[in-house]
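In the part that follows, the structures are each spelled out as structure tokens.
Both complexes below contain chain A, partnered by chain B and then by chain C.
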Partner chain A sequence: MKKILPYLFVLPALAFFMIFFIYPNIDVFRISLYSWDGIGPETFVGTANFERLIGDSGFWSWQLWSLSAICGLAGLALGILFARLTKRGMLRWGVLGFFAGLLGGIFGGGLVGVPAGALERTLVIGIQSIFVQIPIALVIALILHGRIRGARTFAIIAFLPVMISLVALALVWRYMIYDMNVGALNVIVRLFGGQPINWLADMPLLSVVLTTNWIYIGLYVVIFMAALKSIPSAIFDSAKVDGLSGFQTLRRIVIPHINKVILLTCIMCISGTFKAFDLLWVMTGAEASEVHITSTYLVKEMMYGYWGYACAIAVVCFFISLAIVAIQLRAMKIKV
Partner chain B sequence: MEKRVMLAAAVVAIACIGAAAFVFMGGGGKPKFYWWTPHAGSPTHIPWHTEVEQMYNQRYGENVELVKVDYSTEDFKNALETTMAGDYPPDVWHSWGGGVLKDYVDAGKVQDITDLLNEDWAVRLLPPENRSKLLWNSTWNGRHYGFPYTIGVIQIYINRSIFDAFGVEIPDVEKGEVWTWDEFMQAIRTFKGKKNSAGKDIYPIVVAGGEEWQLSFYYMYLVDRIGGSDYFRKALNGEAGYSFTDNVFVRAGELCQELVQAEAFQPGFINAGYDIADFYFFENQAAMYLQGSWMVSTLRYRMQQLGGREFPLDVIYFPVIQGGAGDPSDLLGAVQDYLCISSKSQHKEEAYNLIRLHGTDEVINSFLQKVGDILVFDSRVGGGLDVPASKYDPVILKQIGVLQRAANLQMPWDQYTPRAFALKHLELMNRLFRPAGGMTPSEVALEHQRMAERLRSEGKLPITFG
Partner chain C sequence: MVERKIEKTVGRRVRRALSYAFMIGFSAIILIPIGLLFMNSLKTGPEVYNNPLAPPSSIVFSNYPDAWNWPNTSIGRGFLNSAMVVSITVLIIAIIAPMAGYSLSRLEFRGRKAIFYIFMAGMFVGGPAIVAMYRLMMGLNLINTYWALILPYVAGAMPFSILMMWTYFSAIPRAIEDSARVDGLSPFKTYWRIMLPQALPALFTICILQVIWIWNEFLLGLIMLKTPDMFTLPLMLTRFAAGTTNYLYFGVFAAGVFISILPLIVIYIIFSDRIQRGMSMQFVKG
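Take a look at the complex of A and B:
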């Protein structure tokens, strides 16, 4: 009885998890093989939904990926060259160069106006969050780690947006910050003599990115503050004694010590973007396709009555996200 | 001791689960059946619906309880679709008819209520000889799937005092007068930049761009004015010689963008909800407002709340396009406010009683008093009931006259068409009207055509009624 009892106590939670998480996720894979409008009967279509996805320019842009592939190959070549010249690991630097080129191609291509799909937009938002949220959060965490007065209070304030409902935050930003007539940003613009900007209509992606960065920087500040506490303070004292500058301390001491945490936050940035939905949907209405990321795109397809196709998108995004996480986990074993 | 604690914990856990299950299953008491409406926040519909709910429970509530649930429009559509997909829809629900209802009918989710509508009380309200005109958008294969209540008419409402203050002559609908597009644009230029007596900005037109169906009103009317009343239906159904890429649709888009470039709408219109548009119009800050007749009762209610303030409301025709094929008397609108019953409902007889209750003089009079929209049962519009003119707002009465003279009543596209087209159309309206970063009229037309072709390949078009 004693052996069975713990399992009995776990059973309700496990049943809940199976019913509301495991079963629906498995069913997504099944429905992706069907054509279903959400109300009528399902019709088995095999891989037709995935075949349609290949040609869907709203989901992904072959032009952008072609450009990125070229940039990736260029990055690979440059990485190998660099490794040869500096006598470092060719494989390591080649791979780094390839991915840097690939991501640079997506980012740069989008900036110069190469048409982008929902997938590219998702990756761009995820990548920019790595280069914006993480460095800013790390700098703030380092400042707060310096035992300044009110550090804990500031950390709590910075973390508050993470605790508030994303829908509530989206509505606040939509009506109080970005609103053309009464929004705080346009009040500032008017103060400097400018014309009010319709942020959500004219720059929807930038608006979403600004809001997302504001929300999640606090999360990473708290994560990095905890990680910094794991570094013995004696090392910082030694660094001071040895006359290392702040940047040298960051590069030679802090980053090597917390590199796994940094890589973990990078994973969180990418996987979080694939899961993001409510903020973008509530703030912009996601009516315009240039704002769609993968989650809002598949919900739109579902609303059109293409549930099987929406599930196919979800399946593909699952494997893409899994691949990115796998690459990052593999990178954690590489000495940086 | 440890055994006793574990035993006590197990008993408490089982008791909690049992209590939760009991509550979840209805907690005892009378069985409930559910009536969903999309009128959350409406100061006129809510009191009327609540009164009907109470009346129902008093008369029929011995063995069952009616529970009314009010949603906002978009939440209602999403919730209904979700529950339809999950096969647990409400027993009775509101519908606008058209292609969206047809999707549910084709899936076998909607109860055929033809026999109910052949009862004496229903025949009195909806004479069979006029049902082809009144119930076409809820009838398939000769069977009826909804009980209608109103006819919504979409026209340009105006603030007479603003027109008078700036010397803009009002075209009289009762005389059939209608502006040309140039006269309309001239009026917009006249109103632009002006201030009202309180010193607040006046906007030539207010629109709730955040509700894409309001933007769609302009596009739909323009297609009608340019191409005639049948052009859209023929293009949708892929009839030879008709396509969404035709100049009719491109030109309609161009004229919509002309309005945007002329800054005819209030700043930030593309994201405005209709409470914002209502606010500006009700506060004498807008000269014109292209909206549905359901707005009138809300306006009068607000004026009552403000101490019985008078509002100089009037209505005009949508302008004509020179050289266009459309009849100037064509209107946008449709029979709507249908009550539909789920085919899966376990309370069909109760649902029928709710519909029968809606057909009583008591409920009809309450509707006219509290809501006051155009009643579909009114003999003036083809119904069987003689409704005294005094029951209507003067502007609504004027619109009934306009409706009687209308050559054609075009159902809004986002209700007429299958769901996928409706959604794509509304999305495209947002892209068309964006001041920056939107789509060209040709691109909008092409996307309409692509969606129509996709639906034709899936057998969802052509769409037929009746």
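Take a look at the complex of A and C:
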């Protein structure tokens, strides 16, 4: 009895987990090699689904990637040139220039109107949230950490949207904020004598990004506040004694202390976008929408009866998130 | 010297005022959409269309019962369906997760580490894998039943719940267990009478987090449920919105959405600290 008891205790959880989590996650790989419509028999098609994915401009656009690759190389050249002229580290500035070019290519190309696919849209939403949500959240966390009155109430309010279902929030934003007739934004536009704008139809990505940022800033505020609490207050005091300005304190003390957490939140921004489904699905009108991120694109393909193809998308996304997790695990081992 | 001090306090005051202004502005931005929702839920449809930003001229409370009993897409029905799915799921999780967490943290057996790593791997990789999940449920003949939701929900909740219980059990001193053994309690009774009661706070946090997560879950329901009568609340909401976001019934729409978020807001206000800590942990890990 004493020998089998530990197994008996762990067995129910393990059984549930193996059958309804591990098994489907493995089965996805198998189904990705089949053609299946969700009802009839499966037929083995080898790598046909993946071949289709490579040529699918709805999933990824080669134009945008070539543009950003060119921009990346140009950035690399500029970075090296700059490093040579100013006698700085070549590798560092080269890599920096390369990534800046890559990002500039994707964002710029998207703005100019180079067709974008679901993958790029996912990356753009994720990367912009790094640059928007994290700095704002850090500022708010620092303000609330400075023992202002009502800090707890402000933190509770900031976190509120994270709690509420994305479906409800998507409906609220779609019909109360962005709507042509009753949306708050258009009421304000009309007040100033402008023509009402159909936000979700004319600038869907911007609208979605705005709502996403509105929801998730509070999450990072709470994470940063917990991280700030772990910095000993004596360090802040000695900074004050040394006469460091607010910005210097931020750069020299706060950021080095919580850099691990900041890196983690950056990764969360990107990997979270790969899982985001509800918001975009409800806000932009389900499978009929033309604006997709990877997860909604997958479900759209399912709804149209390409279940094997949907699995191929899932497999590709799995490897992308695996890469992100690898970075995450490495990042978490960084000694502060 | 005195002047410098005055300068410093003035600077501090200005900074303080700016901080408050910024925080109040930010809070307003967060609260306005939700406040707007509540305000419009008390108006008639035409009144909303007339001016969505104006306060209600007279409070129309009947929007709430109307939304609750709306024909074909009754919010009340969705509410009760969701409540049922949530309670069954959380009950199962609350029974099996602490047992597994206890076993993995406190009992010695072969393969303990391997099993622990299997659970933890699930925290980082993988997701709902909906196509394969649908196939599995088709094989089990469970499509369009609540089991097609409950079983994956329980499985998906395991890694985080077990980790939380594991951490909590690991922190309880061994002496307590030893004295129970000396008193002649069987291992099962030691768990049930001594260890589990001590871990109740952690168990409670897990349950609240799962209630929130399952109450809000949308994708799995979208794939698995076919009969509108069985729809969970998020599914029902999308259908409900399609029929009510018009000139006549916009107030009813707002009331329906507000009913759907009200339970979580209440839970959140009561347990905000616990939820914030737990949820940010969950997001960091997932």
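Worth pointing out:
Going forward, the second predicted complex is superposed on the first by the 291 of 336 C-alpha atoms of A that agree within 3 Å, B and C clash if a C-alpha of one lies under 4 Å from a C-alpha of the other, contacts with A are read in each partner's own complex, and residues count from 1 in each chain.
By our rule, contacts are C-beta pairs under 8 Å (C-beta built on N, C-alpha and C of every residue); 3 or more make two chains touch, one makes a residue touch a chain.
Remember, predicted model here, so these are calculated numbers, not experimental data.
Aligning the shared chain A places chain B and chain C in steric conflict. Of the two partner chains, chain C is the only one that A:Trp173 touches; chain B does not reach it. Applying the stated contact rule after C-alpha superposition, one finds that A:Gly104 touches neither chain B nor chain C. By the touch criterion stated above, A:Leu160 is placed in contact with chain C alone, chain B being left untouched.
Touch criterion met: A:Val325 reaches chain C, while chain B stays clear of it.
Of the two partner chains placed around the shared chain by superposition, neither chain B nor chain C is touched by A:Pro115.
In the overlay built on the shared chain, the residue A:Tyr304 is in contact with chain B alone; chain C does not reach it.
More residues of chain A are in touch with C than with the other of chain B and chain C. Once chain A of one complex is fitted onto chain A of the other, the partner contacts of A:Leu219 are limited to chain C, with no touch recorded for chain B. Once the two complexes are laid over each other on the shared chain, residue contacts for A:Phe20 go to chain C alone; chain B is not touched. In the superposed model, A:Asn181 makes contact with both chain B and chain C. Stretch 187-195 is the one among 187-195, 205-213, 259-267 or 277-285 where chain C clashes with chain B after the superposition on chain A.
In the superposition on chain A, the residues of chain A contacted by chain B and by chain C overlap at 5, 9, 12, 38, 179, 181, 307. Residues of chain A touching chain B in their complex: 5, 8-9, 12, 37-40, 174, 179-181, 196, 198, 200-202, 285, 287-290, 300, 303-307. Those residues of chain A that touch chain C in the complex are listed here as 1-3, 5-7, 9-10, 12-14, 16-28, 31, 38, 139-140, 143-144, 146, 148, 150, 154-169, 171-173, 175-177, 179, 181-184, 187, 214, 218-219, 222-223, 226, 246, 264, 268, 272, 275, 277-278, 281-282, 299, 302, 307, 310-311, 314, 318, 321-322, 325, 328-329.
On the chain C side of its complex with chain A, the touching residues are 15-16, 19-20, 22-23, 26-27, 29-34, 36-37, 40, 48-49, 51-53, 95-97, 99-100, 102-104, 107-109, 112, 115, 118-119, 122, 124-127, 129-136, 151-152, 154-156, 158-159, 162, 187-188, 191, 212, 215-216, 218-219, 222-223, 233-234, 237-238, 241, 245, 250, 253-254, 257, 260-261, 264-265, 268-269, 272, 275-277, 279-280, 283-284. Per the touch definition, chain B reaches chain A in the complex via residues 6, 9-10, 13, 17, 78, 81, 84-85, 103-104, 106-107, 109, 210, 212, 267-268, 270-271, 418-420, 423-424, 426-427, 430-431, 434-438.
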